[in-house]
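One structure, as structure tokens, below. Some questions next.
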Amino acid sequence: MKIKETAKVLNQSKLAEGIFSLTIATTASEYAIPGQFINIFSKDASNLLPRPISICEIDKAAGTLRMVYRVVGKGTTEFSSLKAGDTAEIMGPLGNGFPLEGEKAIVVGGGIGVPPMLELAKQLPGSVTAVMGYRNDDLFLSEEFTDVASDLIIATDDGSVGVHGTVVDAMVENELEADVIYACGPKPMLRAVAQYAAEHNIKCYVSMEERMACGVGACLGCVCQSKDVDDHSHVHNKRVCKDGPVFLSTEVVL
Amino acid sequence: MKIKETAKVLNQSKLAEGIFSLTIATTASEYAIPGQFINIFSKDASNLLPRPISICEIDKAAGTLRMVYRVVGKGTTEFSSLKAGDTAEIMGPLGNGFPLEGEKAIVVGGGIGVPPMLELAKQLPGSVTAVMGYRNDDLFLSEEFTDVASDLIIATDDGSVGVHGTVVDAMVENELEADVIYACGPKPMLRAVAQYAAEHNIKCYVSMEERMACGVGACLGCVCQSKDVDDHSHVHNKRVCKDGPVFLSTEVVL
Amino acid sequence: MKTSVNIAGVEFQNPVMEASGTFGSGMEYSEFVDLNKLGAVVTKGVANVPWPGNPTPRITEVRSGMLNAIGLQNPGVEVFCERDLKFLEQYKNTKVIVNVCGHSAEEYIEVVERLANESRVDMLEINISCPNVKEGGIAFGQAPKAVEEITRLVKSHAKQPIVMKLSPNVTDIKVMAKAAEAGGADAISLINTLTGMKIDVERQNFVLANKTGGMSGPAVHPIAVRMVYECANSVSIPIIGMGGITTWEDAIEMMLAGATAVSVGTANFFNPTATMDILSGIEDYMVRKKIEDINSIVGIVK
Amino acid sequence: MKTSVNIAGVEFQNPVMEASGTFGSGMEYSEFVDLNKLGAVVTKGVANVPWPGNPTPRITEVRSGMLNAIGLQNPGVEVFCERDLKFLEQYKNTKVIVNVCGHSAEEYIEVVERLANESRVDMLEINISCPNVKEGGIAFGQAPKAVEEITRLVKSHAKQPIVMKLSPNVTDIKVMAKAAEAGGADAISLINTLTGMKIDVERQNFVLANKTGGMSGPAVHPIAVRMVYECANSVSIPIIGMGGITTWEDAIEMMLAGATAVSVGTANFFNPTATMDILSGIEDYMVRKKIEDINSIVGIVK
């Protein structure tokens, strides 16, 4: 079930330079699962297309969704000025979300790929090792993982906190093992995590990103390459918005 | 001197159904005279062009301008939701304004042509008879004329208040005489007032309206026909935004 | 109040369709729109075999519009018949217009012949105007001779009425419309997308993998209205008007200019109920303006 | 840091100009912009005699754009020389490009010859692409033969370098650019406006008295960038790029696509300091990207 509605902004706060946390009241929360995303629309009619933002936290009781996003352009700049009481046009939840599997899971987030891992870590049935990669010591959200993950490992590009290097450097250094890995972040990171998973024979889910228009699987704008001929497309393409954003690392070309 | 600036909204109120009064703080007030207008810009980037709105009151001491406008489309709908503390992008003052003349003046406003007459009536050196035409008994602003005009005559299309008919019907009925007439309103009204003025040998200024782009005389979008070859254009055209909006009724084709 | 319109013998319950490629075959939007209320479902372009389309990024936003370079990805006519047409069986009130694409005359014909006996197909829209594929597509749509020939050929193989979909990337759209009419088209539809480009100034590279993309959305509407107007005053076959239709006013504008029906494309992406909102806006307009029959306003602004 | 660009021997201190018809001869905007800081002032179209232009309404807004049908109102070349050129005398750092219009070859030539000995005129832009006049204008700009001929003719009478201003309302802009080059043009400028139409659904009539108008503003920018790119890769004469330039990013995009200089049109109407804002944005970009010479980015995206 997907909702298109005018949601109410309950709260917005700045987590770090250019990183904002937005909580909205929306009936979309009733249907949301971790790894799904919502489309947020700009109020400026010259910005036609929705901005896809992953769901960071779901509170079904309160009927709310939380999103954490980086300001990078026109839409996110506009969203960053939303205040409690304002409204936001949204559509969601969209995409397939993460399957909740394994007794021992590693959740890997890189940069703005960190947020969707929070709700995932909360809902996973087994133990969770969270590996979070950041540019520097602006470790937004990382504290919140201490409550929901059994272990929290931090890697930073500049070495200011935790492992000096990538999330995969941190995984290697800590010789991490698990039944399943979940990853969200930039493509090179996903590629490296998938390789780590393959080498260690661990099942691995990755959350992909692509430019979108419809968000519901109709326009074929947001495809990623699939290893096999895909059931829907009958070519080597999968729709990130509908068939994903979460894929098995072995299904897609990274 | 023309200003393009982000003005501060001090106050907005609803005067009648669909009629709003907006007061802004702007340095444009320093240079404004009655009959001039300002351009107000939409915050929505898909609405490119400014909306020209006449100046209804000028308070140089307070540094404010007041505009009264009717909600008719996208821009004015947006403006109607401005609240104290908000900002509005504006440019002005634009156009030439009314020359302040005569010992005995008639100011004539029809519908949304009423507002610019208020500041004019205040500043005119002689006695002022205000003749205001409305559709019905929604006599927005008329009370405010009682303080600034020596006489106030109302005409309504539906006869609910004052003279049943047009402003010219009211002028005829009251056998109005004066040194000078100032008029703002729909074209048929201006035409009728100009004819009354011609018949009674009264000098008459009319404020014209046309679709505008630049507002400063550069694009030649907003011309009205002039009786003689115009000095600037060297054809029979005058720019409403720059050479007007106020013209002698004898200069232009009504 | 009559909202139904007739194009080449096909009766549409109302003039509101969605535009090819923006709505799949309706499945994905059926959560938002009762497909049974649409004048027609116009499908994504279908070729003789599956087409992979272009590399990504395929989509970018421009002011009041978007560029796309999907490159006509589609699963081929076989899968289309088995899956999409079967899905559409359940929506009896809605007509189905299948958009057909090909790299060559033979490929168009293959699709048209495969669809000939599919009873769910009410009409064919022949896309000779896609700017995003290297061969075929727009190449057929920019020279009047080629338009006339491909029209004649397709018409001679088609069992359903054919609508030729024209490209706006031409000097004189009237010439193309006349060529389609001369070739025997039952109707024309326009506009397809305008070729545009966006460059990322930070990366100093094209935003789209395909370099250029087709521009659509509200930004192109004034050009579409002009072209529909020009065609309506040049040919006597009916016109399906599209290009930037976002509100009911846009749709009425298109009909006043000469379109018998309208298609809504890009607007679905930011308003999934755009088609229904437009339909009810049209009905309200008819009531307010005391219009008994929607056909009475087609092309009345001259 | 070098911002100056050279087009046909004329050295512009920077690549930012305003677009013909949107800035008068600069007078009206001199309250907002120090004209001495512009690369060039490009004047409103000038004809041999005064032109009255079209009836009003001449202007309407469309989404992220506008339509205009001014119809080249101008006071004629005599008044222009005496008043406008005289006014421009005081801005020594700025070049002056005079935009020339005519109904016939003879009229273009009359203007070009009248301007031949005016020292304040650095360059001529020949408008063969105005969609808003019945004769002349666009009629010259939509057939390659006509473009080549008028270019050759004007060039043979002109003392200053000539820039041919091309229409985007064509199937293949490259062909037009090549025709201008073949005719001896020193440079080309593009795009002029795209023909559009708006209908008032309440009044059921055209919004513009002229029925159609030329569309400009941010909405047309992606089309302009594509056309500049196509031309840059087809001819070797320099290009002045325009069409929807509103921000410095738009200007850089145009230069990366192949424009040596850029003109800012409609943006002046909603931001009177648009040209200066764009210029300083370009300068900041050069500093940030360590670009020593603005010429080094022209056409580098291929």
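For the reader, a short list of remarks on this structure follows.
Note that the chains take the letters A, B, C and D in the order they are written out, and that residue 1 is the start of every chain.
Quick note on the criterion: a residue touches a chain if its C-beta (ideal position, glycine included) is under 8 Å from a C-beta of that chain, and two chains touch if they have at least 3 such contacts.
Since this is a predicted model, take the numbers as computed values, not measurements.
Common partners of chain A and chain D, by the touch rule above, are B, C.
With centres computed as the average of Cα coordinates, no chain lies farther from chain A than B. Two chain pairs, B-C and A-C, are weighed by contacting C-beta pairs, with A-C ahead. Centre-to-centre separation of chain B and chain C, using mean CA positions: 47 Å. Once the centre of each chain is set as its mean CA position, chain C and chain D turn out to be 34 Å apart.
The distance from the centre of chain B to the centre of chain D, with each centre set as the mean of the Cα atoms, comes to 35 Å.
Chain contacts: chain D has residues 63-65, 218 touching two or more partner chains. Counting partners per residue, chain B has 45-47 as the residues that reach two or more other chains.
Taken as a graph of touching chains, this assembly is fully connected, with contact between every pair of chains. Against chain B, the residues of chain C that register as touching in their complex are 63-64, 218. Of all the residues in chain B, the ones that touch chain A in their complex are 43-47. Of all the residues in chain A, the ones that touch chain C in their complex are 1-2, 4, 41, 45-50, 91, 210-224, 232-237, 242. Partner chain A is touched in their complex by these residues of chain C: 21-24, 27-29, 31-32, 44, 50-53, 56-61, 63-66, 68, 70, 73, 75-76, 79, 217-218, 266, 268-273. Residues of chain C that touch chain D in their complex: 62-65, 67, 142, 169-172, 194-199, 201, 204-206, 212-213, 215, 218-223, 225-226, 229, 244, 249, 252-253, 256-257, 285, 297, 300-301.
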